[in-house]
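Below are two complexes that have chain A in common, paired first with chain B and then with chain C.
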Partner chain A sequence: MADVARGDRGQLLIVSAIGLAILLTALALALNTAAYAGTHAAASDNGLHEQQAAIGYQASAERAVADLMAINDTTESDLRAAVEDWDQLTGAEYARDGAVTHVSVTDTTVENRIVQDDTRNFTDQSGADNWTVATNATAVEGFEMVLEATALSSSDDCTASGACFTLTVEDEDGDAWRLFASNTSENESVEITVETSNGTTETCTAEASSAPINVTNGVFVDESGAECSFTSFTEDDGVTAPYTIRYERATNVTGTYTLTVTGNVVEGSIEDDERYATTGSPRITPQIRAANVSISYQSPQLTYHGRIRVVPGDDDE
Partner chain B sequence: MTMNDRAVSTAVGYALALGIVTLLTIGLVMGFAPLVTGQQAEATHSTLEVLGNDLAGDIERVDHLAAAAGPNGTVVLRSELPERVGASGYQIEIDETGENQRYEIRLRSTGPETIATVGFRTGIEIDDTTGTLDGGPLEIRYDGDRLVVSEDA
Partner chain C sequence: MSDRAQAFTLEAFVAAVLLVSTLTFALQAVAVDANTASSAEAELRGQHGGVAEGLLDGAVESGSLQSTLLYWDESNERFLDADEEEGFYLSRSPNTTFGRSLARLFDDQRIRYNVDLHYQGADGERETRRLVEYGTPSQDAVRVTETVTLYDDSTLVTRNESRRANATLESVEPDFYAPDASDDTQLYNVIRVEVVLWRT
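Moving on, here comes the complex of A and B:
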């Protein structure tokens, strides 16, 4: 009997031990959610890393394009090729960190200086007397010419179909502003007639062998140095950018001119364009002033496409 | 007589001990149950708060990136949020709370029932047709106009 009672006491121990074990396990399970919250908080910095990587890449691409523009500043195709090389070099580096990057030039703003500083007629380098000086000029920053009286036409018919030298500035809708030059006097004189897009005309005359004209500001200077102002095409509301600038009957005038226009004026390269050359008159000097750049950074977490405008020397950071 | 009494005392002692242990166990469980449930709710709430801050941070990140990307840029960020918190899933709602792109993220868990709210501000408007999202990986997208938060497919 006493042996049996001793065996029963062992059961009591086991039962209470199991009870305690279940209790502790339940407590541990319940408190586990707290541990879970803690682990998540530690893994939340990924987004920040991605953001910094993308912004960092864009900043370095922007700097690189600006630097490359300083070296390849004349033609868009040269700049494109240089940016492509840079893209491939850095792309391999970023690929090692698990990101795909790409940068490319979408378009550029080119400023062209077209200069004729030898006194000659206004034909182009190939000798054409009706020719287009610039197409798709988004802006004309300056246009100055000096006209000599000697070669000017003595015709009274200074109209679009007449005989005088004509400078035409036309917009995309076909609205045109014209400047005619003639010498109807017996003495040496330079007479200009400006016809605005609505048909009104203004004339200025200088009794001199030559006269300077500021076409963009609408100022003509006569023999006494007095200024005669006319409506410039920039003030003509009927004619809007982009402009097409043409010379007609360019053999009926001699003199010099300087013109600064923004836009892709040169077709292909300067060597392929028969209108201009890099030397002589008229010559053209293109310079890239700004470029629109497309940037992309792609990682498993982040897809970023940025479009920025890069202007060298313009520190906007 | 004495022999008989001793045998009874063993049985009584055994029954008493078993009863006391059972009472103690029930008492412990009953006593700890509210504490544990409270602890669980607390833990879930703080987890939701952490997730809300994570999401707010990611939205602000996309907002900053969008500003850098320019008007024609696009930004897509995957926000890695867990599917479940504690024992159950949860829902996410984004509401506008005031002028100048002030927003509030409300995260609601059903078991235990608790709601966490996190306020934040963006420079770009958030699409207001988002509705209620299920907890889990989200996609935050800038499409050139506004920020769109959606469940990651």
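Moving on, here comes the complex of A and C:
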């Protein structure tokens, strides 16, 4: 009897041990799947939402920058100021949703058209007769002028320190290309002398009351319509971009000119720059062709940094 | 003899536990009913959110969202044809391209929505103006937002959403809901459009 009882106890122990093991395994399995499914669902859901928010932010920024660039007479500094305010206004809204956003303009490509279409001397809007027409011009797309004979100096000292009207195109190393204009003849005539960076000079003369000059192509047209070629600063190997374009003794010349340069020419806004205005002569029309913009969007789940190039008119309609 | 009976009882219990845990495991492998229902609901909500987000994206791209923000009657200082007392549209959408698409998408689907506009006010504080109100959102409401930039030379629009002459934001500023938040630049203000949707 006692033997049977002893055997029974063993069976009892085994059965309860197996039961306990099954119970524990089941519990572990159940808890594990629940926890895994929970976090997995939450993560993917949030991640998708955050990505959409970041993409939406970038699209809004791109749209705003493109619109601001397209506004007439916007210079680089105007654009920077406006984007800074936009950044602050939108930043406050996104902060409420727990995201830190930032957008800023890193650099721009500005094309400026500088025009004097009333026949007058070549001084700037403030009347200065030695002035810089454009600094840091990475490219000069076109430069044409028409010189009138009447106001030209009759001096034959056409050098950098002389008395003639001088157009100087200088590079960053100080190498300069110069164009002088004078009227030494008794009759009405326009004489130009071009001095390249290595010191060689070329002259062209027109016995006429006015003469057109294409400065970038190096072509001067005389009274009979014949062309006199000279070395343009674009062909002068000693002078390399970016250029600084200056007028000196601008009261010793009258006429008109049109010049298209790429670069950040205007200091601040046009109103702040006394050399130009948006109307009259000389006037400037800046047009921002492209801007590089850096964008960042940070939230607890997502960090996004991007650089985009905005070209107005790209995503219109 | 009595020990044997106890062993059998325990065996029975273990068998029961085994059965129950098999059942639990099987049920877990196939999605449980209650769970299925709630995920479908969430999906539906996500769908409405997605639709609204797509609508807002399209509207901002085409400019119809912007023209709805400029659908303003400056002499009465409220949205054009809005309810006189509230100044916004109560239980209806504005009669603009964007407003009509909102109505077309949601009105016959038992979906209700509120549209709020947030921007920086004159004192630098955040201000909110309601555009559309259908009531108080339920707990499972979805929220979608879009950012719209207004410029000094943006103009108020007519009833058919064409630009009005001599009505730039700069010139009507005192009678427009949002002030010029960037005085020195061509930027006027940034409006955050918030649409809250829910099922009735």
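Criterion: the second predicted complex is superposed on the first by the 198 of 317 C-alpha atoms of A that agree within 3 Å, B and C clash if a C-alpha of one lies under 4 Å from a C-alpha of the other, contacts with A are read in each partner's own complex, and residues count from 1 in each chain.
Going forward, contacts are C-beta pairs under 8 Å (C-beta built on N, C-alpha and C of every residue); 3 or more make two chains touch, one makes a residue touch a chain.
Because the structure is a prediction, the values reported are computed rather than measured.
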Given the touch rule stated above, what does A:Ala81 touch, chain B (first), chain C (second), both, or neither? second
- Thinking of the overlay built on chain A, is A:Thr132 touched by chain B (first), by chain C (second), by both, or by neither? neither
(Q) Per the contact definition in the header, classify A:Gln58: touching chain B only (first), chain C only (second), both, or neither. (A) first
Going by the contact rule set out at the top, does A:Tyr304 touch chain B (first), chain C (second), both, or neither? first
Inquiry  = Just to be sure I read the superposition right, which of the two partners does A:Thr184 touch: chain B = first, chain C = second, or both, or neither?
reply    = neither
Return first, second, both or neither, reflecting whether A:Leu23 touches chain B, chain C, both chains, or no partner chain. both
Taking the superposition on A as described, I'd like to know which of chain B and chain C A:Glu93 touches: first, second, both or neither.
second
First, second, both or neither for A:Thr203, with chain B first and chain C second: neither
Could you tell me if A:Asp67 is touching chain B, chain C, both of them or neither one (first, second, both, neither)? second
Dual-contact residues of chain A (chain B, chain C) 5, 8-9, 12, 15-16, 19, 23, 26, 30, 33
In the complex, the residues of chain A that touch chain B are 1, 5, 8-9, 12, 15-16, 19, 23, 26-27, 30-31, 33-34, 36-37, 40-41, 43-44, 46-48, 50-51, 54-55, 58, 300-308
Note: in the complex, chain B contacts chain A through residues 7, 10, 14, 17-18, 21, 25, 28-29, 32, 36-37, 39-40, 42-44, 46-47, 50-51, 53-54, 57-58, 61, 64-65, 68-80, 82, 85-87
Chain A partner, complex, touching residues on chain C are 3-4, 6-7, 10-11, 13-14, 17-18, 21, 24-25, 28, 53, 57, 60, 62, 118-120, 126, 145-149, 151, 153, 181-182, 184-187, 189-190, 192
So, in the complex, the side of chain A touching chain C is made of residues 4-5, 8-9, 11-12, 15-16, 18-19, 22-23, 26, 29-30, 33, 52, 56-57, 59-60, 63-64, 67-68, 71, 74, 78, 81-82, 85-86, 89-90, 92-93, 97, 317
